[in-house]
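Per-chain residue numbering starts at 1, and chain names A, B, C and D are given in the order in which the chains are listed.
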């Protein structure tokens, strides 16, 4: 459960990780997050007034890892909000609300876990890996080699790239297909761009493999207040990604909405 | 120092804007902290309709300079589900008195502060007068509901515009609903009208106990895939409603003109993010101030503002304020520095 | 590639919003550079009234989040002085073709570009239909005036609201004025109305050759001398009108709904600051785009936008754009990067 | 005459001067300003998005001095715009439009000039002093000693402070009265807070001394476009400070509008 107010926290570091950044903030009072939970972040200074006078609202980021009193976030610069956060330096302040949302349900004892990530969507898989006991296979897809360095966030990841510049040349779902072939009783945990998630969903649905998908959606609040972060639910109606998710059982979805994925 | 509004006793002057805070969902996020630190003096439900509505297809949000367009489309499970499943979860809310109202005038722990019940205001919208009548009658039967807000102003749904923007029609609708309930009726006016004061006067003439404003301004966002390509509407609903700081000055003007015209209390909202903004609304004639979009940035924004208002009142009383003559240069600083963030 | 609007040939699609650019004063500031680099394809005068008006007492400006409230109050020397002393100074303006329209598609020197005459559009406001008639008749007699814009929308003056916000009344007034001139009549609609599309349709039915929108949104600012002191209105005129980026999304929605309803050309304005914003207006159905508040930040903003539109057109033609499918992630980047600043 | 577009210029330095800052920008293409002219300034980055999401519009500042290719501005931090400008550092960029407005008319040969300044209003008197040939007396008033250090901007200034912490204890108009007593044929050039300007105006009117007052008013554009910067003209109507001024002959005014002065 998140405290009922945003916290003003000090940035303790900003590390490069290939094409990504890892933002570290000191958050000693944070409740222990579940893997897959996220936080709403905003820079305490200079949030707004950029191109087009945005950002105005906070931005959602998966908690990538919790180390002592620090929370880590994997950032990709895709717009004014993420860019501003990427510029932060140690000593600056951020507003943080969280941890928020419904994280991954951990597997019943001794089922093999397949962690499938794409792009910035690998972030929640890192903290998930930290918490998993049994056998874990990590399959990560990226656009190119610079992004593939993000794989360093997890242990023992096997990598695929769209352009073949690192690891397997092709979509990460090629790797997943092979793994599911080997062990059809594995459980799948996935987070990434919408097309990847949709491919994972379809592949698992076909094989009746339970999959948990960590979705993303544009959010205004992160705690169910705005009804802005919806994705279509199988059988009609909508789910709110921020409170019904971000981790959603794949079978709740007919398809993964094209707006519901991570930056590629 | 509590506040009276339509016969209700409230802990302070700050409530939520309909559809911008979902207590039931927020409990999932914040657990008991939400109930302990509940920020609003009254709680306004999102708009409830007779039938369930899924709401608009996504995307539903677009950020603008200092504002937000939403095209949510009033998703709700319908009257029956609201009464059955939401109502029990929305009753019994309490809120602490604002910090400065406590004996020692000190800030938290809010958990030891005097607490006030949080009356539930149910916001309803019908697409016809009959639908409105059924909604109001249903609310009348439930003791848990302290007051009813009529949404005649939602820009995402045709009916809102039609009923709320025309004083004659608005008065007739309110007059038809008035006999159906003894609970206070608050009419949430539409800002998308030529003469909001006349609409407010019509609501009062029809029997409204209060009016609230502003709802969002009709707005739109376009996107295109590449330079030169034709644009298409971003929002799944085509158009949406603008809220947040961008609309604050418009809201203030509407609140002022309405408050000058009607004798019923006014709930002022639109872009309120700080104590100074809330005080502007109050000075413009509002009895209560509602916080909407600002809660998205900080769920406790309303509590911060309520504390600020209480501190200001104490400060003013102590310093015998208003004795000092206006000094323009001080204004900007005073405003910006007021909220302890 | 010039543009036709109400029978006028224009260098490009970007003009000024009435009352936001004073050629005569700007010549004092910029001298011959103003005439050489004149940014607007047509020049709209500030609102002219029958009698001289001093305008509102200061202060007249208030900065809001991403916007500006003005309470200028239509100062002008009156019809007679306008005709006698302003008109000679406002005729003979020319403007260079936008950069990308030139043979080499290169940026300045604008001073060697093909030049187009800048038609003068005179914006007038009467407080009665008779006053409007006298203003229009006076304009009709002057060859220097290419078109007449009727200000039925100014929120600072009661008349604007009353005539422009009610479709029936608007149609009658326009129909009375129509026979009095053969010059194009542009009706500048008020945004402070319930149904701007119906107002636009009424203007067209009355005989308007074009409509323009949006004028400013009615807005207000309060200040107080000290915490706890009661607030008073900041603007000398009490209330004012909001313009700038804050209103852009509202303007876009109004332009889109109007353009969908009427067949006459639409002049879209409200918060346009960049090429992308102008393109949004055009995609929403505007034939011309007007720039107001953005000129205050950069007097050459309109020229920058006209160049950007021309470049975009060339780029699109060259790349065979629209072939590419929409890709949401690219949008923000494309927008922000487009104007060479 | 100003070029018809704002220029993006490099900040070459930011110097402290007591409670003020002196901003220096490289502006090689600037037309030579008349003393009393001003420029509209905005930071090229981070203009907006501060407290209350302001500033949005550019801000007017007197050209305090022109040194080679550099323009100098005296800044006082009184709100979000001036604060942002005060934070600028060498190498950052500003937007500048100008020189704008109608400056001081220089005195006919050999009339003694009395330059009377208050607070940040001393700025245009510096460049005026640079251009004056005959005898010049400089009288400057400040709130306190920290601000009185601003007097270093001019040569040979005599200082008055409200709190007596430097120079004469009292209003600068005490010094002016004495000077006018000595030489009733002097010409007065004044810029400062509205009450000071009003006192100067009244004092000169009484003695039929010609005075030129450099006014200030909130401005949106600076070049006559918005009609926002008006002050009441004697005999009715308004003057636009940006194009009819900022330097106005005192006799054109009935009174100096309380909004028409510099920060004290």
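To be clear about the criterion, contacts are C-beta pairs under 8 Å (C-beta built on N, C-alpha and C of every residue); 3 or more make two chains touch, one makes a residue touch a chain.
Because the structure is a prediction, the values reported are computed rather than measured.
Shared contacts of chain A and chain C, meaning chains that touch the two of them, come down to B, D.
Comparing the centres of all chains, each the average of its CA atoms, the largest separation from chain A belongs to D. Note: centroid distance chain A to chain D, computed from Cα atoms, is 55 Å.
Chain centres here are Cα means. That of chain C falls 33 Å from that of chain D.
Work out the mean CA point of chain B and of chain D, and you get 46 Å between them. The residues of chain B that reach two or more other chains are 64-67, 245, 328, listed in rising order. For chain D, the set of residues touching two or more other chains reads 48, 52-53, 259. Within the complex formed with chain B, the chain C residues making contact are 62, 64-67, 69, 161, 165-166, 190, 192-195, 217-232, 239, 242, 245-250, 252-254, 256-257, 271, 279-280, 283-284, 312-313, 315-317, 319, 321-322, 324-328, 330-331, 334, 338.
Every residue of chain A that touches chain B in the complex is listed here, in rising order: 1-6, 8, 42, 48, 52-58, 95, 97, 100-102, 217-232, 236-238, 240, 242-243, 257, 259. For chain B in complex with chain A, the touching residues are 19-22, 24-26, 28-34, 36-37, 46, 54-55, 57-61, 63-68, 70, 72, 75, 244-245, 293, 295-300, 303, 341. Touching chain D in their complex are the following residues of chain A: 46-50, 53.
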